[in-house]
Amino acid sequence: MSAQTQSHAISRYPVPALEDLPEDIRSRILAVQEKSGFVPNVFLTYARRPDEFRAFFAYHDALMEKDGGLTKAEREMIVVATSGANNCHYCVVAHGAILRIRAQNPLIADQLAINYRKADITPRQSAMLDFAMTVALDAQDITDEDFDALREQEFSDEDIWDIAAIAAFFALSNRMANFTSMRPNDEFYLMGRLPKEK
Amino acid sequence: MSAQTQSHAISRYPVPALEDLPEDIRSRILAVQEKSGFVPNVFLTYARRPDEFRAFFAYHDALMEKDGGLTKAEREMIVVATSGANNCHYCVVAHGAILRIRAQNPLIADQLAINYRKADITPRQSAMLDFAMTVALDAQDITDEDFDALREQEFSDEDIWDIAAIAAFFALSNRMANFTSMRPNDEFYLMGRLPKEK
Amino acid sequence: MSAQTQSHAISRYPVPALEDLPEDIRSRILAVQEKSGFVPNVFLTYARRPDEFRAFFAYHDALMEKDGGLTKAEREMIVVATSGANNCHYCVVAHGAILRIRAQNPLIADQLAINYRKADITPRQSAMLDFAMTVALDAQDITDEDFDALREQEFSDEDIWDIAAIAAFFALSNRMANFTSMRPNDEFYLMGRLPKEK
Amino acid sequence: MSAQTQSHAISRYPVPALEDLPEDIRSRILAVQEKSGFVPNVFLTYARRPDEFRAFFAYHDALMEKDGGLTKAEREMIVVATSGANNCHYCVVAHGAILRIRAQNPLIADQLAINYRKADITPRQSAMLDFAMTVALDAQDITDEDFDALREQEFSDEDIWDIAAIAAFFALSNRMANFTSMRPNDEFYLMGRLPKEK
Amino acid sequence: MSAQTQSHAISRYPVPALEDLPEDIRSRILAVQEKSGFVPNVFLTYARRPDEFRAFFAYHDALMEKDGGLTKAEREMIVVATSGANNCHYCVVAHGAILRIRAQNPLIADQLAINYRKADITPRQSAMLDFAMTVALDAQDITDEDFDALREQEFSDEDIWDIAAIAAFFALSNRMANFTSMRPNDEFYLMGRLPKEK
Amino acid sequence: MSAQTQSHAISRYPVPALEDLPEDIRSRILAVQEKSGFVPNVFLTYARRPDEFRAFFAYHDALMEKDGGLTKAEREMIVVATSGANNCHYCVVAHGAILRIRAQNPLIADQLAINYRKADITPRQSAMLDFAMTVALDAQDITDEDFDALREQEFSDEDIWDIAAIAAFFALSNRMANFTSMRPNDEFYLMGRLPKEK
């Protein structure tokens, strides 16, 4: 198969068979499958480039799975808002699902993907997203005033790095997803929308 | 109440009580409530200006409820894609719900709201949305070539007017919704996402 | 005739004969002809779609013909400035004529169409146009600060709705005029430019 | 007087008295006054900087007063269309007047200032303005294909230089006019609009 | 030291001492110092976040140090052109130096950083940079036609992935450098400009 | 030779022989050759249009060679920063060389060409460049507040005119250089980068 868009293909590029993958990558994919019940297509899309796969997910985990001044839900808010601004269908749908679950809020992802200024968030989260959007769209314009606005909301310098690094990492991720026409798994669309889901 | 954003308010502007409305407007609102089970907030937001309410919904119905070369689902596709481009939270959420139901497709609205180039649509629908986006974002640049591209997909001149007029009408609607911070009803978010809904 | 641009055509679309129009539409057109001495092409362009014609002009009149905190000249200022920003030739020329007459100022329309920051207007009118331009071009970014700036100039919340609604309505109108290549009547260009005209 | 905008001031900067000007500049101004019946404000605005005055008008005359493949009216078309795109009130009004007279067409300037795609011009003039707009707004993107499109319309390489140079010169002029808030003389607004004017 | 811009600081954030770093990071830094004669500031800036440091450089090396259809100089061309478009001072200066050395061309980096359309490159390299710029600036718009244009220049699908992945990775890197105000080492400015350097 | 881009051509347009030039132009070119050791290609590119050559360099000298509140190095800073924003390869390379020599700083030109916010400049110079960039990119938006910001940094009204006029003049120059594909002489790239150059 060549790198053409195909109806409902996972990616423009061929996806390797699980049994052909290096052991560490296969293990990670099987683990996520066991936990989620399916394999998110981002894993299959990147698997054909093992070194890039390892670096991508190591970077992702370093930013998204850590503790710190931002909650995990807030980290996902940054992903969803900036991915919406970058018109990245995969990231909005997949991380929208994770955000709904982590925030236990079925509405928040759709709000943030379209216009974070209209979302049910706190002023502190609004300042966080103002800055994340600047990193995503106008990083060349960042000045000390941007830092001041975050410190007024009691973000530490480490928190500010986290906000910027998440927005910057998804600048990469959004571009790769749009380039490969990465398709979000159908499962993501409904996740976290029903009242009783954890 | 003054025109300030309030957490979870329907609109920046006060919303009139049903019993204070002119008869024709109250009737229309009660009819939609009976059909949908709730009153979409766009009706309440516009109700304080009866003449604008009447003109707005007359225009809406003339474009969205008619028969013709475009299906009703296709008309909603135009709304969702252009409202996404205009960052209009209300229209994406409310018309996304209607689109899911009319297209009997739980995925299509989220796809179109973020990046219509990645959506599960036909080449003809893609040409339709290319033109709708030009009307929404760059109407000053329209040339005969834009019409030619649509005719190649067998759109009639009346279909082309419909596409343009829907994109133009929601240019108005998106701006009013963003201006008033019109809040989509919670009910819309889940509509049309579950397999058994009609 | 098909929907192609033709030299000096009124519109890309055929224009119906007056005698083929529904009675209410024909009456309105005859009334405006009697008052103005000619039929502005916007009436002829919309007449082929009677329901859209009725809704369009009902909406227009609800916003432009009312009394309130904005003078009729100020309402036309909003039209001319936002139509210039949207590169809408019909609306700038036709509403420029109306503005010159209503403001009894032969210079104001050309000033506002090109750069309202250089126009002979009051600071209050300048604030009005700042907001109208935000609605026209960046409605997704509107915040409470935009409302505060208008209230400082003593605009009421109803005035602010009027400003926004006019800018939003002409977002629709400008797109339809650019889509149809609607041609302004030659009469408009000179109206209100000569010293003795009323 | 300091460089503040003043109601109806000619410029943000003080304007020198004619008798204080160097002889060559005073002579040029008196000559234009005799020919036109008034002194266009661009002369008074630049007069305070004699060397810049001389260079500016020498450049202007080298491009605008010459013979060649472009008519003088076509040269003014480039000025009006690009000055509209740059939101330069002075140049649109002053050169709009000159264009009306040179083209003996009372409508053409208002058409070109707002949207040259809707103007009563030939396909050759349309290609000329396409290129002039690229020079004005996106000169970094010019490629051989832009030259090919002009040669197809039988523009010579010298004509192409003229088109580009006029658009580039008014990139300078538009910025100076916007910077100084240069005010067009009231006389310009009506010039060339009445049927019997030469 | 807090995260403020300081004159000539390496970064807004404090830089750790080499002896405080994890062994693998210290070793990598010492190795690059031995090879280059100095420590590029990107290593010091990222060192305070060891997990991000490891992922960042693993990703970088996977894309930039590999063999394949693109030469190492061509990979650096992508970096310099897209970093120029993103106004990233660090990446233009540091990777400009590497490009000059790898291409054995003292002029090429300054050309690509400002306007790759004016650079001394082949048509194949020009197509490569057209696509890299689309990934950097408009990834949401990528279509099959973009792939076709690259295949016409005999790029393989793996080459195309490399082009996109490099542009996407530096979308991240440029944003982090602008966020941290990462300062390029003085040594980079002159590297590769003198005739006898290897 | 026709106006096509040729590898390493000085310009898309033919360049006249020195002996065919008018005496004043030949003298100026020989003088600059004697002083610099080579003839900058801008002289050769403009020489084919003697009147434009004379006006262009007269304007240039009136702005760049004068004394006043801005140093000559500061004038070149404006050129390099705005030419970078306009993606003008010739002006960045040629004036970058002049700036390095006038500022006796081998780093400053590369900093300003890519992102002046990251350059080693004073707050006063930063305010100067903020305004120059507004003139270059958004002159239509200039207001009294822009003047106030400069006066706070003790720029006189004459200094402010100089800043604006330099940015406006290079708006012309950048467009002509991009239009003609004017090639910077190889000599410029290294000038002012070595420690002992004057």
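Note that the chains are named A, B, C, D, E and F in the order they appear, and that numbering of residues resets to 1 at the start of each chain.
Methods note: a residue touches a chain if its C-beta (ideal position, glycine included) is under 8 Å from a C-beta of that chain, and two chains touch if they have at least 3 such contacts.
Everything numeric in this text was worked out from a predicted model, so none of it was measured.
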What chains, if any, are shared contacts of chain C and chain F? A, D
With over half of the numbers shared counting as same, classify the chain B/chain C interface as same or different. same
Distance-maximising chain from chain C - centres being C-alpha averages: E
Which of B-D, C-F or A-B has the same interface as E-F, meaning more than half of the contact pairs match by residue number? A-B
Taking each chain's centre as the mean of its Cα atoms, which chain lies farthest from chain B? F
Quote the value, from 0 to 180 degrees and to the nearest 5, of the angle by which the CA atoms of chain A must be rotated to coincide with those of chain E. 180
Determine the centre-to-centre distance between chain C and chain D, using the mean Cα coordinates as centres, and give it in whole Å. 28
Where chain D and chain E are represented by their mean Cα positions, the distance between them in whole Å: 44
Rounded Å distance, chain C centre to chain E centre (Cα mean): 51
For chain B, residues that touch 2 or more chains besides their own: 87-88, 115, 140, 142, 178, 181
Full set of chain pairs in contact is A-B, A-C, A-E, A-F, B-C, B-D, B-E, C-D, C-F, D-E, D-F, E-F
In the complex, the residues of chain A that touch chain F are 140-141, 143
Chain F - residues contacting chain E, complex: 7-8, 84, 87-89, 92-93, 96, 106-107, 110-111, 113-115, 118-120, 178, 181, 183, 186, 189-190, 193-194
Residues of chain D defined as touching chain F within the complex: 2-5, 12-13, 49, 51-52, 54-56, 58-59, 61-63, 86-88, 135-136, 139-140, 142, 144, 147, 157, 160-161, 164-165, 167-169, 171-176, 178-179, 181
Parts of chain A lying in touch with chain C, wherever the complex brings them together: 115, 117
